[in-house]
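Each of the next two complexes has chain A plus one more chain, namely chain B in the first and chain C in the second.
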Partner chain A sequence: MSSVTDRALGPPPVWRRLIGRQETAAFICLVALLVFFSLTADNFFSTRNFTNVLGQASLTLIAGIGCAVVFISGEVDISIGSLLATVALPLIVIMNDTNSLLLGVAGAMAVGLAVGVINGFLSAYLGINSLIVTLGMMFTLRGGVYLYTGQRAIADDAGLDSFIALSDGRLFDVLPYSAVIAIILLGVFVYVLRFRRFGRQIYAVGGNREVARLAGYDVRRVKFTCFVISSLLATCSGIILAARVGSAQHIAGLNFEFQVVAATVLGGVSLSGGIGSLGGMTLGVLILQFLSNGLRGLSLPTEWQLVITGAIIIAAVALDELKRRRAHGD
Partner chain B sequence: MHDDPTLFSDGAAPAIDIGVPALELRGIGKRFPGVLALENVDLTLEPGKVHALMGENGAGKSTLIKILAGVYQRDAGTMRIHGRDVAIRSPRDSLRQGIKVVFQEIALINEFSVAENIFLEGHPTDRLGSIDWRKIRTGCAELFERIGFAIDPMARTGSLPVSQQQMVEIARALAHQASIVVMDEPTSSLTPKEVKLLFTIIRRLTALGIAVLYVSHKLDEVFEIADTVTVLRDGRHISTRPIGSHTDDSLIQDMIGRRIVDLFPRQRGAAGSRVALSVRGLSTTHKLSDISFEARAGEVVGFFGLMGAGRTELAKAIVGYDPISAGAITVDGRTLAPHNTAVGVGLGIGLLSEDRKVEGLMGELPMYQNASLASLGRFARHGFVDAGRERQAVQGFVDRFRIKTPSLTQKVKNLSGGNQQKVLIARWLMRGLKVIVVDEPTRGIDVGAKSEIFSLIDELAGAGLAVVMMTSEMPELLGLSDRIVVLAEGRITATMSRQDATQEMILNAAIGAKGRTSHEFRH
Partner chain C sequence: MTEILRTGASGRTSFASLTGSGQLVLGVLLVALCLGISAAAPQFYSEANIIAILRQCALVLIVASGMTMLIIAAEVDLSVGASLAFVGCVGMAVLNATDSLALGLVSALAFAGAVGLVNGIVVTLLRVNSLIGTIGTMMMLQGGVYLFTREAVQNHHQLASFTALGAGYWGPLPIPVIFAVAIFALCAVTLRFTTIGRYLYAVGANERAVRLSGIRSARLKLAAFVVTGLCVGVAGLILASLMNAGQPTAGRGFELTVIAAVILGGTSLTGGSGSLFGTLLGVLVLKVIDNGIIILGWNQDLQMVVPGIIIILASYFDLLRSRHHA
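Now for the complex of A and B:
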């Protein structure tokens, strides 16, 4: 799916034009970061460090696909952080009972699916503002996990090799499995968004709901499906996170939704719908991840990370807005 | 081959039985709260023919189109397509039945390429269901080449000028496997050259056996392209005749009928002689050119124009809301400069917008605060609004205008359209206006409440205000105005006193008819 092999086919111009916009700026920003930290931070420019960062980024990347899809459809989903903590419960409990990763994952997926269906039904079919729906879902899930676990974590007693491999296993001893999963999912959804009718319907619905309806699209079903996709992808992130911390705990994924939203917006995905790409989202995730990694290498206090990250996000969005205004001639 | 668009298979018309009508509507009815939009309307479209649908604003054309498009559902009547009874409950159903509606408001996705928009109703796919982008691009390019249409298929649609977007919208009808194409005022933003291209496209469609419903109020176009004309008036079917048996006069006659204008009992006396508003040589960059007129105190000047004539643009320009490129506006001898609404209100000119929800009301706020909004300074003491005096003043208007509201604190969004309009009028009167510009004062207002708005406007003029009224409704125009000005394509095409005006004169000036007397069959 690289743009080089598509040369004969030619990427759809929308994509090409979008690349000409915020994604380009994000790419330049990423390269500048890499150059800067390679020159200043110790042990930054190494295969080991880069693959580590990819592994760390995989959680945000996977959930970011869902976040981008929901944004493109013109909605938002901020329940994903709490969902990370929630799906770990059935996962760990079932694995402890049955010693089966497959059953645990199935349990987690069932919970994720249910949450996505509820979010989607309330937002898409009942027409309730999705920010409110998923905000409510965020609190409800977080509270539910608290009630179940109390202050203590529920540890993974089964200790299945396949589960532990999700956290520290590497493909060919190089690439973390979590990064491999993220890359595969990215590939699948890049394909869906560009080459399936459903993918184009997401853009159309987010771009202009009424036009999409007149073109015969089932606007509500498209949006509903986006919420389900978002929850299922966040569930994948939740499973990998549970493998990393080896338990289910109430603080898992706290503020995770804001990291994901920040990266997605940084990558040029518009909150108002219809605009953005997974390539941009990926760049946004990598920028934030390398930034935090590099600043740590410079042994700057973590507080500075927050300040710098915030400033970069505002600058990126402001720049995009300025460009858009100039293009529209005011 | 998959999803091969009709036009690419040259001459291979879709299997259409010429003997059976493409579309048969019988007894179609549609009711909205307070309004009977369509009553017992019949319409028959023949394959390969262009059927024009004409009527004044509010005649029911748009409602009928939206029923065909699946945006509205009919309340009564039957619909048959190629002889089969069908039910259309959604735009998707409509497309499935082979109906393609080209809307006047452009229905394209701005962020998509032109080519993708052409195939929006169904992206061509390969056997695995993957979108075939090459086919989208080449298909679009071939289509454009065939119809002689010079637009880059790869261009971002939103970056094109409106007229080209409209052409894309029209070209889209060709890529879709439609047997019935409906076009709603397709030429409203086209250049003359593009109109020619449009007619070429329509002839191509009919050659393929496609039935075309052409909705327009432009006589020239209808005489050039249509085979048959159906006229609607007040939601009813008036006539269906071959175009050759019509003249300009007979068509206009059908559109306005011989109805007696519901004469509204005028209370006010004659207008004064003081010029309250003077507009000289006003132009805007997009629409208006060289508009000059005066309005005297106590006078109602009615502006009439059809869709796209520039009524709303003029209303907004006069009050300082939209920028002007040339000309001068003076209120009571003082010039409106710099050109903005703050200066306008200061001089005593205000707008009653046609879009109450967006440009007038704050729906969630109580009714009394909506009324007092422009005059808070009057009720202020030491920088704080004295709510007692504020409410007292509003209560005075509630009594005077007979505003029906359970209390002063009722949210204004809960009032009826007529009462909302009264609240807005109260807002301006409280401010002490000299000139009020009203844009479509009775749009979206129940028939019953209309006469109340009429009497309110009459009262405003009676109180010595100059009223400039923009309207597309004949009864309103004739019932209220002292003088009538007709707009067409952003220019004034006629000015007449109420006494001299006839519906025929007004509509002629609005349509720009050239006095055609007879027509031969041309098709």
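Now for the complex of A and C:
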């Protein structure tokens, strides 16, 4: 509403536009956090620590891209946590059998693709509420993992160098490879969302389904593709996680979907669709990751992280809502 | 407006609306399950097993009763699992400190009610989407319970009256079942026969219209959150009594079971329609499946897979039916 009137009056000054965005608030929050912990926590302000945090953040970041894309298209996907545990099975089992990272990754991707296709088909084409579809998928996958593993971890016996490098290797001895992968994927999807037809279609479909349909977009195909993207990206996260723990864990990714959803919403991506950016999502992920890293540096009990994270999420969304109401004069 | 009228009408159970709703399908499914399982394993109908199923159902049904009201009002509470664990620990700690059953129960219920109130304030006053807001409180409760106690709070005094809460019988019926029936009946009557109940449907169907007609929708939602919180309080105490301790790790994933039962019972996540009777059927179906898997000696991990598939199928059939009617 406000954006329409703004445009009618001519473009507002840049600073005005920036101030109104949740991304700006998230950025200020991140900077404040970095300053605070640099002053208070031991060993916080160092290249080593920052690159470590980036490496840790890569899991949430990669899956967060998918989460943001699905949110922007007006749907949700909460099956990603269980998917993380699921894709580790074909990966580790195939690698143990064949000693080939490529085949293992291909197996994991195939499983991830299948899950994305099923989620997308049920939600986009059959029209079942995506929260229910992915909730059911979450149960089914987790149960399937328990069934297959008998609730035991499957160790990586192949011990391939290329696989281990995913967890502790660093580009130029600085940036962890997982962070490099996350940054590349982020770059690709920022480009797609901002500059490609398909990206604009996602915003259109999430913003107003009916208008998008009348404009000639294939709404169902766009949403379907978003679910497939989300599952494939979560598969990447699952592969990195498996490399990090060196095995397929049946409890891997428990509550992961909540972390990702929280970070995405914190970064200003709206649950109701059509609004948000990958930059915002990235800020949300970094805030939560630096927060947990900094609190560890303060040697607070780790449980405080959960409490503070929960409070920050509520505060961030509440502030955003307040701002929106002011803008609408409601 | 017609939406409100229609949902208002479907809230009452007449034979016509029953056959038109998914409840008949669910009822048939339940009977088929019972017949199928008992044909394969006759011990399904043994007294001990039926009581075990009922006790399992009681915990879920108590919380699901409150959750149904909440989802009908178009909100949801994901913090119930984390709260369930915390309530048990608080109740047990007070019980240990004071040796008084009454104080233990009151403090646990007060704590649970306060959690509901906070959830309600976050959603109605701060206007945070309830899915996100209650993920926030879920995290705070999960962290908080570990700050409160790292290990299970053991039952020091072993009061007989507290043990009876979970394991006792009143006549042939286990006490948790009595609690569940009472809470279920109270919520069902409220939803169906009181103004507040009718308003809850209206708020869920079209909040704006309700607000414009002078009803304080925020207060109604707040009340629904507090009621859900209190239900969690009762369930948490029963669980603590059954485990003879307050477990900080209890209730993991409980919120999903409860929501699954409510959705399975035909209550729409978008609000405005649904019934407690459906929720009862949903709870029974899920728990009979759970029990059947154990009785038939199947792998217990199927207890996650089967409900997952059933939830998706149930909402698909629901969708087909509503399209057919439209």
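Basically, the second predicted complex is superposed on the first by the 310 of 330 C-alpha atoms of A that agree within 3 Å, B and C clash if a C-alpha of one lies under 4 Å from a C-alpha of the other, contacts with A are read in each partner's own complex, and residues count from 1 in each chain.
Assume a residue touches a chain if its C-beta (ideal position, glycine included) is under 8 Å from a C-beta of that chain, and two chains touch if they have at least 3 such contacts.
No experiment lies behind these values; they were computed from the predicted model shown.
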Problem - Touching partner for A:144 - first (chain B), second (chain C), both, neither - result: second
Exercise for the section: Identify the partner contact of A:209: answer first if only chain B is touched, second if only chain C is, both if each is, neither if none is. Expected result: neither
Exercise for the section: Have a look at where A:194 lands relative to chain B and chain C in the superposition and call it first, second, both or neither. Expected result: first
Practice task
Go through the superposed model and pick first if A:220 touches only chain B, second if only chain C, both, or neither.
Solution key: neither
Exercise for the section: Using the touch criterion from the header, give the chain among chain B and chain C with more contacted residues in chain A. Expected result: C
Problem - chain B versus chain C as contact partner of A:274, first or second or both or neither - result: first
Exercise for the section: Go through chain A and flag every residue that touches chain B in one model and chain C in the other. Expected result: none
Handout entry: Touching residues on chain B, where the partner in the complex is chain A
Key = 69, 71, 90-92, 94-96, 101, 103, 107-113, 115-116, 120-123, 125, 129-131, 133-134, 136-137, 154-156
Problem - Complex contact set, residues of chain A against chain B - result: 9-14, 17, 191, 194-197, 200, 203-204, 207-208, 210-218, 274-275
Fill in the blank from the handout: Touching chain A in the complex, chain C uses residues 122, 126-129, 131-133, 135-140, 142-144, 146-147, 256, 259-260, 263, 269-270, 299, 301-312, 315-316, 319
Exercise for the section: Quick one: which bits of chain A touch chain C in the complex? Just the residue numbers, please. Expected result: 122, 126-129, 131-133, 135-144, 146-147, 151, 258, 261-262, 265, 271, 301, 303-307, 309-311, 313-314, 317-318, 321-322, 325
